[in-house]
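In the two complexes that follow, subunit A is the common piece, with subunit B as its partner first and subunit C second.
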Partner chain A sequence: MTTSIAEKVPVTVLTGFLGSGKTTLLNRILTEQHGLRIAVIENEFGEIGIDDALVIDAEEEVFEMNNGCICCTVRGDLIRILGTLMRRKDKFDHILIETTGLADPAPVAQTFFMDDEIGSQLRLDGIITLVDAAHLLQHLDEEKSEGVENEALEQIAFADRIVLNKTDLVDTEQLAEVRRRISEINRLADVHETVQAKVDLGAVLDVGGFDLSRALDLDPAFLEDTEHQHDLTVTSVGIEFAGELDIERLNEWLGELLSAKGVDIFRSKGILAVRGMPERYVFQGVHMLFDGTQGEPWGEAERVNRVVFIGRHLDRAALEAGLRGCLAAPVPAA
Partner chain B sequence: MTAATQEATAWRTAVPESVAVARWSADDRIAVADLAGGVTLLDGRDGVALGPGPRHDGGALALAWQPGGSVLATGGADGRVGLLGTDSSQPAYVEVGGWVHALAWSRSGSHLAVATGRSLVLLDPAGAVLARWDGQPSTVTDVVWSRDGSRVGAAAYGGLRWFSVASPSPDPVRTFDWRGSLLLARVSPDGRWVASGNQDASVHIWRLWSGEDAEMTGYPEKVDALAFDRTSRWMANGGTTEVHLWDFSGKGPMGRSPRTLAGHDAQVSALAWQPTGNLLASAGRDGGMALWSPNAARRQAGPRLRIDAGARATTLAWNPDGTRILTGTVDGSVLAVAA
Partner chain C sequence: MALGPLIGQRPEPLPPDLVDRLRRWVRTCLGLGEEDTVTVTQLTCREAGCAPVETVLAVLTPGAPVHRTIHRPADEVSLADVRSAFATATPVEALRSAP
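Let's turn to the complex of A and B:
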């Protein structure tokens, strides 16, 4: 039994620190007149009092997959809950997963890659990260002891959309600084400024963040390298150049890159021009997990490669050199 | 449905929601748990509803008939165990904690083991709590009994932990550690082996007396169907579109390759051996149900019976004398066929 993408129930992951306005946004989503039946999986007790919606409390349970891939962690609680939700006859139009402020988004996303049954019936639409404009910098600059993750940083790095909330509590200068810091970390995510989490629901419920057919409507701004004023551990690296890649070399390079550096590469996305392939080759990854397919035909458009990596300790020069090394040998002129 | 299917179908009925599990009682009743939280009791002869059983808001997920008795135990997302005896029409409920994922009676029917959240709970047939083992390292996904009923095992991420029933200390008397996520566990009827089906697309087996273990890996998907036959010679498992049959005779399946039974177009979703004979029932995510005689020949031409339940099958149950088999589906259908 196969289910096409159109029939798959979209799932939105809502992350953000305590106090960023997650419960406010959740209540807004649930009360607005959208006519959608929504199921909410909550890891943090909020005050949700909606009769129509099914609210399920879950306790975060992360475990490693026994497949030799050290960063392939999944969420056992979500596998069980989503497993019963997707088997119901009475389907929901949308599923929302609210994580705690301290949750790592990677196992949530990887659950959709690693469990084929879930991946066949549900689709991860996007990771939405709520940010408190007044406190973000403090969270980002918090000193963490060795080996301890800065969750605020990771949640921004993983996001498809960032809802920059409580903008009324900061002045213009502070707001600009917050936006600058966000874009240093994650150049791909759209940022929506809000007060009291008032955001257009279309901006958070239909993101297509993991949809390869919608991958990379890349804003050219992603390539601009900003002046780094901080010691950046987590950054975005955007690479763009024209030319055709050799598929064999590309597979080899990407495979080696993700197995060697997958722990540090949180997310990757790209549109590539492959020699002999009339369509765009689109891919996306979460850590070492990788998904690629043929997209729209290039037609008359210039064949340009565009890739973004978001991660820790990324070496721009090495990444670009590696990808350029996949360029196909020039074809001798006839 | 083909003509052959209709002929074979003894009866067909429906419950309000997706069937989580169905089980047949010794006195020819069927209990069906559904994801709307209902438990429906059916007459095994014709599928006619006898009335509602216990309720579990958020979804009924597990049920088990007491062996040698008539108590029906149920559990679900409400964190309760429901107990329905013949002497009363109203079920009794026991609050046990988190989601109840699995229930298993000891062979004598004196104890009921409950997998609930990160706890393993032991109840007597009246619902009194005999023991609790809270704070397990991970959510308890299944419960198993040793053959003599002296030990009860909790399956979870990280392996199997065995506890003593007679002297319930907080610490396990035995642990079978393995870094993987166990979805279900089964003990062979002769008490020699325990096997688990796992999230990471593998089957793990342990020899109960020695703890010696082995693993069958490389399945395309998670293994969420697994069953030993009554002789303990064969273990069947899913994880793929074929049923795999492992020979546990002699020194066990190590070094042997499995027999494969090909008859499903989608992943195998449930397996059940005939309680009185050698037939194996399998069901698939495509709604197909098949009956096999695995002992008949090494090469299987195909199933001896195949029917289409119409939607993904989630459970299989034999009647106690092994003459009928039923399946339940995600669209709420329950159908029984003569074997």
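Let's turn to the complex of A and C:
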């Protein structure tokens, strides 16, 4: 028997560049009186117990799995550690995974899609990215050799929530610029400004970033176009239009899109109106993997498709044309 | 109107006893111990020529990972399927000595 969503232990992924304040936030989570028993998986220490928490050392083992239809990367060390924690899960209310400053968040997120034991007992609650307001622009603009990823960029792109830390070290103008650059990359993430990582822990530990019932909480700004474009290799593309989609065309288009661009599409989220389906179809994905389910019935509401893609080298016009091409033929008048 | 799942969509997670059984079979076929990480995943596939639901079994041994796809739902996978899928895989002794 699988565990219901409410009973699954939530897992938070804490990521961020070196010096962004991750350790400060982690120490707060470990020492504040929040009443939660938290297990922390991280790369720095050996296994130690701090009050009700357990800190476990992890060594990043990334495996690529390509089975023809789906290509993804997973973290073998996490599968092993989470498996051990699940055997004692009555002792924990929450699991927190801290990644190194140079880690790619994708293998961590995809691990939750690619192991059914983990998927049946744990739920990925959200990816939290800490950002150093004083140094973010420098990290984003850093020239990388061909084929080398800009980790700061990817960590922002993957985030459900961004803690914009050290805001006391920048002036108003610079802060506005930092916020604008973040928004160019990721339109879905909420941004919380902080000093010394003093963010409400509820905003970090209860995000619901991968919760399909919250997949529709899209900020209306997701559709806005970027006015002052930098070298936008990683961007958000929001698409919205009314009408019903044909399931076969949609499957064909999604198959081609994920096969050709799955590596470049970091995250996707949205709601679709599918002909023959009285309910909204809600989905969210990481690269080529995604979860989808039938949500609330449309009832009398207008059937509107709303989708956001976050990724590298996204072609807005092609994405919109492709999705619009899935519209079902008009129903002939009776 | 019944609608099939979309391409790439992950079906509901498998029941733990089914995951345990498949994992045990993989361990048996490759002579693995409890310390070896074995994952079991059921995926929806809509590519032409592919089965609609497939089961991916993976052994994540550092230096020598191996995974196999069996083109049928997890609850229809037999020990013979697993044995056949991993027939060409490296046995555990070689996995452990791999760089």
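The definition used in the following text is that the second predicted complex is superposed on the first by the 320 of 334 C-alpha atoms of A that agree within 3 Å, B and C clash if a C-alpha of one lies under 4 Å from a C-alpha of the other, contacts with A are read in each partner's own complex, and residues count from 1 in each chain.
The rule is simple: a residue touches a chain if its C-beta (ideal position, glycine included) is under 8 Å from a C-beta of that chain, and two chains touch if they have at least 3 such contacts.
As the structure is a prediction and not an experimental result, all values here were calculated from the model.
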Superposed partners subunit B and subunit C on subunit A - clash or fit: clash
Partner chain in contact with A:D115 - subunit B first, subunit C second, else both or neither: both
Touched subunit A residues, subunit B compared with subunit C: C
Subunit B versus subunit C as contact partner of A:G19, first or second or both or neither: neither
Touched partner set for A:I56, first subunit B, second subunit C, both or neither: first
Partner chain in contact with A:F290 - subunit B first, subunit C second, else both or neither: second
First, second, both or neither for A:T84, with subunit B first and subunit C second: first
Subunit B versus subunit C as contact partner of A:G322, first or second or both or neither: neither
Which superposed partner A:L258 touches (first subunit B, second subunit C, both, neither): second
First (subunit B), second (subunit C), both or neither touched by A:G208: neither
Shared subunit A surface residues [contacts with subunit B and with subunit C]: 1, 61, 63, 65, 67, 74, 76, 79-80, 115-117
Parts of subunit A lying in touch with subunit B, wherever the complex brings them together: 1, 54, 56, 59, 61, 63-67, 74, 76-77, 79-80, 84, 87-90, 115-117
In the complex with subunit C, residue positions of subunit A that touch it: 1-2, 61, 63, 65, 67-70, 74, 76, 79-80, 83, 113-117, 119-121, 247, 250-251, 254-255, 258-259, 274, 276-277, 281, 283, 285, 288-292
Subunit C residues touching subunit A - in the complex, by the definition given at the top: 1, 3-10, 12-16, 19, 37, 39-43, 45-47, 50, 54, 56, 58, 60-62, 65, 67, 69, 74
Touching residues (chain side subunit B, partner subunit A) in the complex: 17-18, 20, 35-36, 58-59, 61, 77, 98-99, 101, 117, 138-139, 141, 157, 179-181, 198-200, 202, 220-222, 266-267, 285-287, 312, 314, 330-332
